Amino acid sequence: MKIPKHLSKSVLPIIGFAAIYGLIMLLKSFGIANNYHIQILMFAGVNIMMTLSLNVVNGFTGQFSIGHAGFMSLGAYGSAIITTLLLKPSVIPSSMQIPVFLLSLFIGGLVAALVGFLIGLPTLKLKGDYLAIVTLAFGEIVRAGLRLIEPIGAARGMIGVPTYANLAWIFTFVALTLFVVRNVIYSRYGRAWIAIRDNEIAAEAMGIDTTRYKIISFTFSAFIAGVAGGLYAHVVSFIQPDTFSFVKSSDLLVFLYAGGSGSLTGSIVGALLLTALPEALRFLASWRLVIYALVLIIVMLYRPKGLTGGYELPFLRIHRKELYEGAADPTVPEAEEGE
Amino acid sequence: MATILSIKNLTIKFGGLVAVEDFSADVQEGELLAIIGPNGAGKTTVFNMLTGIYKPTSGTIEMEGKNLIGLRPNQFAANGLARTFQNIRLFHNATVVDNIKMAYTLHSLEQFFPALLRTKSIVEQERELDIEVMRLLKIFNLDQQADLLSKNLPYGPQRKLEIVRAMMLKPKILLLDEPVAGMNAVEIDEIASLIRRIREKFNMTIILIEHHMNFVMPLADRIKVLDFGRTIAEGNPAEIQRNPKVIEAYLGGGYNAIA
Amino acid sequence: MTTFFQLLIYGLQLGSVYALLALGYTMVYGIVGMINFAHGDFLMIGALSTVFLAMAFMSTSGTLSALQVIAIILIAMIGTGLVGVIVEAVAYKPLRDRPRMTALITAVGVSMFLQNFPRALPFIGPNPRPFPRLFPLIQYNIGGVTITSTQLIMLFLSLLLMFILYYVVNKTPLGAQMRAVSMDKDAALLMGININVIISMTFFIGAALASSSGIFYASIYPQVDVYMGGWLGTKSFIAAVLGGIGDIRGAMLGGFILGISEIFATSINSNFGYMIGFIVLILILLFKPAGLLGKFSIEKV
Amino acid sequence: MKKTSRVLLTILTIAVFISACSTGSPAAPAEPEPQANGEKTGETLKIGVVSPMSGPGATAGKYITNGVKLIEEKLKAEGGLLVGDTRYPIEFVYEDNEAKEETTTNVYQKLINQDNVIGIVGPDMSKAILAAGPIAQSAGVVAVGTFTTNEAVTQVGDYIFRACFIDPFQGRAAATYAWDTGYKTAAVIYNNADAYSKGLYENFELAFTELGGEVVEVQAYSGSDIKDYNVQLTKIKAANPEVVFIPNMFTEIPLQVRQARELGITAPFIGGDSMDAPEVAQLAGFENIAGTAYVSAFSPDNPDPVAQEFVKAFNDAYGMNPNSNAVLAYEATMMILESIKNAATIDRKGVRDAMASLKDLHLPSGTITVGPDRNPIKGAAILMYNAEGVPEFVVNVNP
């Protein structure tokens, strides 16, 4: 039998995610996969979310942020403060732990989003490298600031963040992020962002309030980064300011453009591969990072548009034809396939 | 016929250089006003002022009595002034349909959080929009290329698409900046008929820049001639063709496009 | 008052380092139009090779003669210049007509390689090395303000190099070709300019400049390791942008302002200094959105 | 995008994961069969060694690896570790943690789940073991930090030990030495981005003021990228202290000493154990570093035979004196081996219990006993650089 398209579209990906998760758990029970691989996957998951967040600003809106680790740290600290200092596991019933965890992630995201909004408001009129420098400076300011706040451990960092985040949660949030980012890309907002990216002058002439849509993009991206940061904190259980340095930000840039910017699939592939690669290269001992660097260079030389070269997995695309599925009049205004 | 756009003594200086001086015009509803003149006469500069890209040094732009000076380009668009560009400025990595949908952003009522979840109402709005866009594309028979990336369109259709995109803004005035630049005779006729269709179907007011005479003459109701930023002549096509100043300006400018 | 001038001198010292680096950075950017994240590592190569060269010379004669010093500096500069040319030819050239982000990521890879390759080599390794004293250290005391010969040399050389570079780019035929390439590659090609040669030259000069700044840097902060270039590269990028990227005098100005603001911020409160430095940076850019000397180019519409 | 390359990409992805999944062969319990000399051969035991082999911390990594390699060679020669009448071949697995927390957690997971080690030596940085400790704890694997002097480290859980003393003790040691030498006023320049540096500074100030001394000036800088300390040092000079405390990384200290001397600061310096690296003297310049004292886990001049034997072995192998990094890595490894010997049952749990009750283990830096809080009860030595840039033993500080 044939599954109706609109169903397959929404249901199959969920089944797919569940299947992959199930498979991993199966492999684990057979002892083929172990906590080592699962942890790599968890970091990869967090990196996928971060890369998607960066993709919204750099890939789709065509701005140039190189300080995204700053938002990540805000989310990480924001949520960790709640689960570690305010509502620590010892003081709340275990039944409340998960709600508190989710709440903390949400608040972490909000903090990042708020700051993203405030920093974006004055700075997003800057173009290209000038904006880049401001975002870089922003990241450094956050880092330097966190170092000086004693209650959250200052340079010592925060110890004993409860490890609430397991692979299942990471999977859920990655799926969720993909879902919302895809949706927003195929709405008025996403189109406005792409218009700004492709030709800012034309976008303005076509009545798009570029500043407004840039800020929306920036804030949205910051929120995702914040949630990702929160997850990170609850995977590692120890965070300190220098974890979120410029090095982290540039790693994210690498994930984004090596995977293929402006493509959700690209973010997945880039983050997944480049998180796993350094671990896969362990057998090279001290030559590991040398080879990693070479691989990176070669990838960019042979796939300048990134590994996926703009390809998008079916369930991460919404073709306008799908608008007519299950509609009163399901006849698609005919048009030949392009691309 | 009512005046919808009244432009008074627009002047703009870059550094010391006067690019456009005392440009005035009252644009009547439904008319087609053409601005002609040799290269570097300041025609595009006038358009850039009329769409808020440049802020005039002095002068006023009033749209139905509302002063537009100092507004941002997107606000000019919101007030009903839609333009095309001399050097095509499409959203190159978006499909033809999306290019047009992007010009609808202004009018769209989609809210952010519903958009995140892609609620039913969003899907419906998107469908309505898609239907409307396809209807428009059909009118200008671009519907066959609906799902092509706009950068993969041939040159002619790209220019056409820019005009359709501007139409999607539902403007009160359409500003066309050299719509037939670099086109062959066949394509030129096509654009001409397209403009005629726009006028009768939507009763659209149009301001048009062009120095391609045998394209302008049959279309325009009224023509203004610019030279070195100054208006040297104004009138209906017949008058302009006879005007010695114009001929001087063109021949002086070594221009041979006069039919 | 004396403290003010003393601080100013420290600021100029630090600034001249940033400025020197930013010069090469901004030149490459202005002409090739790419952000070369590996620029800072050229600095490292320059300094590191100087250490080895000095060792070689020392092994024969215990000390270094002025002539040898000059020789060392020249060899290091040329050597690094060649590295720059090779890097460009291998890693950047194929991506010249690609989106600039692509080249940016390649540059990150190159930077990683330039840091980790020597680190992995047994005879270089990660250990920091002392940097030989190439210039005599004399302290002058003017009204309570101390200034060292090294600081003076740094200032003088950074200014000198800036003027030379400015002259080369704006007054020489090579410079004219460079500017042509930076404006419009295709047009330059039609004018019969060999773009590849010009861009190679640009990278050669850029890398050589970086190497020289590495040598001067290490003369002030005499400690060299394979990672020294990373953060400095970022700093010079900041300086170049602050000044108005692509503008040689801007890079100079940006470098000095960055250095001076850092020093004064630190003196206000050493705990917050680092932060204040960056806040100042943001404020400047808010008021000069295209950098200090960069002017907004009105896009042809 | 072409289908072929899409396929290739998928293959690549899978390939990377498979290679990441290449499970290390779990040590199969070999049936101990008696040898000629009546010795039985036990199963191979694996010990993980975590240190920064790349990244700015890589220098420490080399010393740590060298320290452990000494033991590895020795065990190879002997054919393994003799426990009762059974000889257990010992295999060391060295992993790079880039001095990053994230990577350290990965390495711990790998060692524990892939190589199933019986115990882990390192890493050397508090922040790294603070991140990875919980993994060892929950997996029930002994982890012995080498240079992880931050108090909090062993509070992670009862599987986390360390080979070094802790910051409060070290800060107090430095303060006491300063006071006893007769210094009444001190100034401090520290790295407020570095927990180690900050911790030492705080403990030093606490102890020094308790003793009656006064800290007249405190200056900070943010991060190891900073190379210009002129502003801070100028202020310190103005305060004119009798001694300057510089509890910083060995890569930062030389420039600080140099610049201070160039500014005309004549007061002597006191530093923490991170100063114990041969590079420091060369980098700072002998004339500048002379007279600088520091707290060290170990002194090469220690007359104790065990110490001398170790120093000699290290010199024979690598042609240089060992520093604290090397010693502590060596001792951490010895602690694990000793615990294996004493273990009731040779498994992770057994080793942990044995280590918790380690007593009077005679090691190069002295005789150590593991205290109730899993910190070794051990003394420190104060060393001072002489005019030839060689650290000389001054005095022992006991807890």
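Going in written order, the chains are labelled A, B, C and D, and every chain counts its residues from 1.
Note that in this section a residue touches a chain if its C-beta (ideal position, glycine included) is under 8 Å from a C-beta of that chain, and two chains touch if they have at least 3 such contacts.
Here the structure is a predicted model, which is why all the values come from computation and not from measurement.
Counting steps between touching chains, the shortest path from subunit A to subunit C takes 1. Using CA-based centroids throughout, the chain positioned farthest away from subunit D is B. In this assembly, the C-alpha centroid of subunit B lies 48 Å from the C-alpha centroid of subunit C.
Centre-to-centre, using mean CA coordinates, subunit A is 40 Å away from subunit B. The distance from the centre of subunit B to the centre of subunit D, with each centre set as the mean of the Cα atoms, comes to 72 Å.
Distance from the subunit A centre to the subunit D centre is 36 Å, each centre being the mean of its Cα atoms. Counting partner chains per residue, subunit C shows two or more touched chains at residues 116, 119-120, 271, 274-275, 301. Touching two or more other chains at once are residues 54, 192, 222-223 of subunit D.
Residue positions of subunit A with contacts to 2 or more other chains are 144, 148, 201, 286, 289.
Interface of subunit A with subunit D (complex): residues 31-37, 39-40, 43, 144, 147-148, 154-157, 159-160, 163, 236-238, 240-243, 269, 272-273, 276-280, 282, 285-286, 288-289, 303, 307-311. Every residue of subunit A that touches subunit C in the complex is listed here, in rising order: 58, 122-123, 125-127, 129-130, 132-134, 136-138, 140-141, 144-145, 148, 201, 246, 250, 253-254, 257-258, 261, 286-287, 289-290, 292-294, 296-297, 300-301, 304-305.
Subunit A meets subunit B in the complex at residues 180, 183-184, 186-189, 191-192, 194-195, 197-199, 201-210, 216, 262, 320, 323-324, 327, 333-339. Residues 51, 53, 72-74, 76-78, 82-83, 85, 89-95, 97-98, 101-106, 108, 110, 112, 115-118, 122-123, 126-127, 130-131, 134-135, 137-138, 143-149, 152, 165-166, 169 of subunit B touch subunit A in their complex. Across the complex, subunit D is touched by residues 3, 6-7, 10, 13-14, 116, 119-120, 125-130, 137, 139, 146, 148, 221-223, 225, 227, 231, 263, 266-267, 270-271, 273-275 of subunit C.
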